[in-house]
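In the two complexes that follow, chain A is the common piece, with chain B as its partner first and chain C second.
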Partner chain A sequence: MAVVVVGERDVGFGARVALEQGRALGLRSIRGTLRQPQVWLPGLLFPIFIAAVNTSAMGRAVEFLPGFDGVDSLLDFLLVASITQSVLFGGLAAGSDTATDIQTGFFDRLLASPVSRTSILVGRLMGASVTGALQAMVFIVLYGAFGARVAAGVPGGLLLIAYAMVLALVIGGFAAMLALRTGSAEAVQNMFPLTFIVLFVSSAFFPTESMEGAYRSIASYNPVTWMVDGMRYQVIVGLDWSRAAGSLLVAAGLAALAIFGANMALRARLRRAT
Partner chain B sequence: MTAPAIPAPSAFSWVPLALALGHRSLLGILRIPAAMVPLVAMPIFFLVAFSGSFSSLLALPSFPTDNVVSWFAPFAIIQGSAFAGFGIGFATVRDIETGFYDRLLLSPGSRVALLVGPALATVVRAMVTATAVLTVALVMGARIPGGALGLLVLFLAAMGTAVISAGWALGLVFRMPNQRSGPILQLVIFVCTFLSTGTVPLADQIGWTEPFARLNPLSDVLALARQGFVGEVTWAVTWPGLVALGGALVVLWVWAATGIRKLTP
Partner chain C sequence: MSHPIEVEGLVRRFGDIVAVAGVDLVVKQGEIFGFLGPNGAGKTTVVRMLTTLLRPSAGVARVAGHDVVSAAGAVRRSIGVALQDAAIDPLMTGRELVRLQAVLHGISRTEADRRGDVLLERVGLSLASQRRVGTYSGGMRRRLDLALALVHEPSVLFLDEPTTGLDPTSRRALWDEVRRLNHEGTTVFLTTQYLEEADVLAGRIAIIDDGRIVREGDPKVLKEAVGDYRLQVTVAPHQLPVARQALAAFGEPRPSHETAVAIGLRAGPATVSAALRALEDAGVPVEQVELDAPSLDDVFAEATGRRLEGASIPDEGGPE
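On to the complex of A and B.
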């Protein structure tokens, strides 16, 4: 049976209705994620495992190596890395869910219904962003229980949560763009090695001061380094609004780019559907 | 009427079948070369990423070399060999799910071939990975002061790790013959490789990982593989590695051999 797609121009909405629809779709996205522990649990456990192993196996690095000035424990140093890693992995799941919606036909049903087109994207990204905030909270509390402290206190913790939310928009946006372009969950999952590489070739796990040669140059120009360093300052040294703003601006810039790309992909898919 | 006599199978009748199954497994790689990419690409990525990110670790007091690539290359090769094992695990799950394994179990061939065939294929896969990683490591500046003997023990350790990992993978997928076994397979191999002396020598590990790394047989296997990259090959480092390989081989292949019985109704 052919799906009757309601054209975008035939669907007129007030901002309030569109927001309400976005909220409903966002809640659906969060519920969908929470109901599938196999989707979000590895994204939490893997960074925890890496941090636990590195804190123990490489713990002496903070005494002997450059770039760890003022760092008492490697766990403090790795807090932002774990949040970043977890959010990057979780954001892929959001994109993957979008692709699954396309594959299962749910996306077509949304298009056939009088739902604001923008809400479809906004809902999914809102869900990813809230999930990112939850992930950041889990890491702050859990690592706190093992002795990690955010030097900037409560404002620093809130900044970390805000960072996780914006970062989720970045990866969620890029993943949604890929999902809307390809309609394939597998294609979105294939982004996983790329996120792994981007994360590893940055200062997430070790400071750039301790790297050498071309690797150090690449890591220094990696936006993940710019985001992580600014946020790590809040954990290790203390509250610094300008560094925090720098981090958040980089993340927001990338998020804007990703959302623009996802929106274009959505428009292209809508054109194909009508 | 006399029933026709069925000739008793010879002690080595399983060999042709094992070779055929190993050959089939390798043909699968040739037909889908993309399947080989993660097997080779992941260890090379780990080599590059670890050598780049953790190059300053050499400043820690007990590192036995001043060449970071020489330190991480054997780790990447052993890791690649372990990945080769779980590749065979996935392939076997696919065969079970598609019903091909049922046909093998119904055939009059020996069960030994069903274990040895995949193990042979794993060794070949691991050797391809080891050669590729070694080539990249040499290009990146790795040194092998242990010479040919150093390479020999490296490849021996890589082959042993591949066979052990295949034993673990087959034992698990025989007991859990579906895709859900995948995460468990990978997780255990990841945990074993990271809770070892893979990244940092024992003397520089300060926390809870130290006792795990001390007891983990893979630490001895890594020392066996790594010795030619950090100095001369010695018997004192070689024999604990061989014992670790032998012990793990017996335990995990008993696990695999008892597992295959669970597939038979």
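On to the complex of A and C.
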């Protein structure tokens, strides 16, 4: 086996092995999440519950409230909101699981092995991203069974899945950053109310046209609104690559920021440890 | 040729606290080296430095011929590490963990499966390999931890308190496995707070206290150097001064518990009856008598003036 010594910061295997390590750690992350129903089930049930309550209580609101132009069913409108909500909540697992690894000593086990330090983070985020894709698929299929349709068809569905994957990197990256900074799963869980606020002060559940005052202003500048609106267009109206690209670019920008922050936190933790 | 572990002037500070205050060590090829000390003495800090998890504040350490700072990656490829508390992901199965550990060491998936089968068989976990680790007993987790540490066939194996909390059967099974590994040529660095464990397994030991090595060498030689059999008599508290005076002629005082007097029997166990007679003549009723051959605890006491708390292996450990 060829060994490439690339200095102390990395650990000596080539890129192929680093990718394989990232894949193995990603698989571990996915397995870990799927084997903890208490982690992913609330992230599925809560959005479904909110969608069920909203469609039952306000199903006809789409006919007269502003901002619902072209919306046939509130379930169509809520599809992207449910995916966003589910991924935001589920993505926290990437952080809390990282913190748990630190608390239990499993992180030390990784550090004592010649694993690429970057692979530790990549694996965790890869796992979060794949889980996000699974969540999006569940909502597309489930809401589809209740009559929701993605106007952009199969490409639109794929865009929603891609959006969920990138969004998972955003929340997973920020959660992992907090985990690596604090080493505390509790601190990561405390992000939950923040994600809740960010989600509800956006156009996820109501169009900004139906909002007033400061709430409307905040929602207009909330990146979640920018992401959700572009994706919702694919569901309500039809395929629009430029709007989809806008949404994905916002998500990708935030993901890049989050991953950069998480990587810095990882480096800081390694420096503190050594 | 260099030794598997060479340490010179190793220091680690945490702020103002000096956890390791200049440790020098050499561990030779193919030996089991016991690293003893009470909790907080600096054992784990030294292990963390040698396994690249902690950067030394000063000094030099080479493991498997590589510097732990400048060639940390090479060290990690050469060593196997089973850290304290067997930090194992409870959500994964034993087989999945072995495969993951192998891939982390750059081993192909096919080879990882092959080695996994061999190792799980070796540590007696084949039947449980498809079960999640969360369902394993303490002994099974330790055995899996050992298998994980061996997956890349390391030349140096670090075992940090591997039997803490284990029941006697599991402990002996692990000792047998460590011996077997050693016979196959693996150098083992074993930290433990159990003196018996070091006595049974280690060919050489070092005792660390307050971040410094206070004794180092062959356990047998160290015990012989402490010398005398230790006689301890328990008496009524008000009789302690008289007892001490009566026994002074038979040997030097040794540390003992509060209601006892202990001496090192200068002329060996043959003088026990004479010592007890001296107490009787002095009018001191003896409540209990203990006669101990020199132990590593005596070596520790002789070096530090203290007994090693928690040094004896408990009769009952965790469930197997």
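As a convention for this text, the second predicted complex is superposed on the first by the 264 of 274 C-alpha atoms of A that agree within 3 Å, B and C clash if a C-alpha of one lies under 4 Å from a C-alpha of the other, contacts with A are read in each partner's own complex, and residues count from 1 in each chain.
The rule we apply is simple: a contact is a pair of C-beta atoms (placed from the backbone, for glycine too) under 8 Å apart; a residue touches a chain by one contact, two chains touch by 3 or more.
Since we're looking at a predicted model, the values are computed, not measured.
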Superposition on chain A - do chain B and chain C clash or fit: fit
Contacts of A:35 with chain B and chain C, given as first, second, both or neither: second
Chain B versus chain C as contact partner of A:106, first or second or both or neither: second
Contacts of A:197 with chain B and chain C, given as first, second, both or neither: first
Chain C, chain A and chain B - angle at the middle CA centre, rounded to the nearest 10 degrees: 90
Partner chain in contact with A:24 - chain B first, chain C second, else both or neither: second
Which superposed partner A:114 touches (first chain B, second chain C, both, neither): second
Closest approach of chain C to chain B (Cα atoms, Å): 18
Residues of chain A touching chain C in the complex: 1, 3, 5-6, 8, 10-13, 17, 20-21, 24-25, 28, 31-32, 35-36, 101, 104-106, 108-115, 273-274
Residues of chain C that touch chain A when the two form their complex: 51-55, 69-74, 76-77, 79, 81, 83-85, 87-89, 91-92, 96, 99-101, 103-106, 132, 148
Sites on chain B touched by chain A in the complex: 38, 41, 45, 48-49, 51-57, 59-61, 183, 190-191, 194-195, 199-200, 204-210, 213
Of all residues in chain A, those that touch chain B in their complex: 38, 42, 49-50, 52-53, 55-61, 64-67, 193, 196-197, 200-201, 205-206, 210-212, 215-216, 219
